[in-house]
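What follows is a single structure, and I will ask about it in a moment.
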């Protein structure tokens, strides 16, 4: 994959070596994201963060990642009612907005809209989520976190054993992660969900075709005994016909410290795409896990910064210049990562 | 006109040599807007983009233009409900907000509000649209585009032949453009609209008094035969009493490639203030014109950046310093302008 | 108080010497806020302006203050519906968002929420208002203004005579100001309000216990004769059960130029937390005071910039570096402060 000038629309664009390239660059971003060093490599560049659907944290994460490289951010939040209501095509919107920035990060509620926009854009577009379709930076940050957590245990992604738990039918993030895992060897995947919320059959097939060992189950405790990672998900209430229907499944699989201690191998990593549902009726990851050092959920969001910085640096072709425009941080920073 | 420290509220402020000054400075902004060079001439300066009415693209365009000069942007979008609802006067709002930035770009739904705000502001204010009253940067970017397109044909604005088509009654942009054209010599204007949506009589009179040759028509094909520019407009549905009334006019004048080829002189330039209405019922500019190199509509929005950069540089009096704070762009940029 | 790395949540954190330290640093910010000098001391740093409740001017003031120190701003406005609606805890929100910036300024409608957020945050948090609880930067900018106005008259805060007028029951800003005044000597406070809107008894007691001389009254004219400052407030309509109830009190105490001339000592300073209610039914400070040089209300908001800059510089521990990263302003600035 040629990164410079490319759109990043789907994880289907990535081969294993592309993923590894992103991760190598992400590693090099750590001193900047962790506020030890400041780089101004993109001083003068502009990111257009075009969020036609609200998403505070994804929007802020993209923007902050660009700021960390020294660039400026212009942004929109919420549907651009005016122009769309006046009958403007996505083609026109893309032609206009792409004249205002050097790169665009875009979220839009319609499937396929980001790719359609990108086709008309005059600058690279990074997909920040298009409906239930793709959210490639989330999948990459998840896999990057898996790699990082396993590396701390002297392991690589190959031979990974992972349990995915919860709403596997509607969870966009687990779908994308499964597809990325197909690029690696010897991976074992345990899918744990209510029968009605099973992983879509085509994704299971795709994994098996790629050589992954896949098992399905509806029992939590038995399924998390021999894995490196438990990847828990939230019931996507907004995807169900009614709140009542969602309530049938909410709280079905709850991991807490007691279950973890009794059933998991030592140092099993706990992940979640966030937000986790902390209401009494849900609690897929109990708050008593907050002090468990293997709870990696906030390292995931921190890693989102590294991955997004890496993609910006690759797409704008400044990877080799980052360190040249750097200096030490001169303000107070606590140890906090 | 003394630009340094001035408010830019109305095109009535501009004499011909003022317009030419803006355009000369806009020309010098091109390498920065086109991402060949980076300037930091306004490094440390702050733009307050105070949009009391949503307008994504005008807001982002002003902000990006300021970023391209090296400045920072603070902004609001939507009505500042809190303070206004609590009975604050525009005077107070202006006194407060003008303490937060070096220059303000403002949009507000009420006619005259921007001028009222400017009178109390302690920093220069650029009018980004006050209701149906004025939107001077749009008029300037339109005329700048006309100048640029004609220059490529070895011509100037004097002796321009232009057809304005569509809703000439409610179209704020064509009103302002007509007024600007009064500053030039030998201009011929063909006004093409339904009878009910004719150009207001006072503007027609103003043009004739200034020596322009003005004709009115309700037939598209005959009117675009001998012009340099066809400036098409959208039916301003939001200005009609009902959607039904707007529907009477929508789609009345449609330009497409076939009509263009049959009726226009070679290389007739096609313009539109955008957004164009691409719904089947409207299509005042058909999408089959998208590959026509004379379709200048996206060059118009690109030129908006140049004109806004020029106004910022003039009002903040840094024109002669721009190149001194410049360097080459160090990231990937495709040819895209 | 150790400022570096601290949260600024409540004025209860401040001792007299802490307040004086903030004010000394604020004084040093004046050339930067008044656009004589530019500093880049926080070049590369990121402020997260997390406003979970709209507040244009407080948000813009924090952001502009950070820009004036050379930093970047990422922000949210309005309730982060998505994540909260999905059941995310404030703990999780804080853990995630604090990974995106070096310091956070936060407003939230719930009392105590900012402190709860801060407890989980990995970076310093500045309280920008949590419901009816605290808004420490407003109290500090008010006291800073008092200090500045009195200094111009050769006086200090000790021995201050101040009248607070209007809605003293619901006015958060006067509550906080009273608490800060407890740190000073020989202060006389005249509380002027309708009986139903008197200052809460516990605050009156706290002032008396601290040695302040406090009187209460419901007559404006008699109460403003022998004071240095008249601090007027708006009826907080939004805090009453009905608009009708608020109307009972609105317009009860009106200060205008005639009353000022007749009853006040020469050069009595007029303050107000803004927005002032300029509707005919309210007018707690008449617009005929706008030309009175003792009307300090816009100096208050300007001073908000200085105080917020000072807090950022203290919390991020760059006070001694500010001047080292400075240069003269190179663009047009009118005398306007």
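Order of writing sets the chain letters: A, B and C. Residues in each chain are counted from 1.
Just so it is clear, contacts are C-beta pairs under 8 Å (C-beta built on N, C-alpha and C of every residue); 3 or more make two chains touch, one makes a residue touch a chain.
Note that the structure is a prediction, hence the values are computed from the model and not measured.
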Interface sides of chain B and chain C: same vs different residues, half threshold: different
Rigid-body rotation angle, chain C and chain A, from Cα fit (steps of 5°): 120
Mean-CA-position distance for chain C and chain B (Å): 40
Interface hub residues of chain B, defined as touching at least two other chains: 72
Residues of chain A defined as touching chain B within the complex: 4-5, 41-46, 48, 72, 74-76, 80-83, 86-89, 91-93, 95-102, 122-123, 315-318, 321
Chain A residues within the chain C interface of the complex: 35, 38-40, 54-57, 60-61, 63-64, 67-68, 70, 72-73, 234, 237-238, 274-279, 282, 287, 290, 298, 301-302, 305, 329-334, 336-337
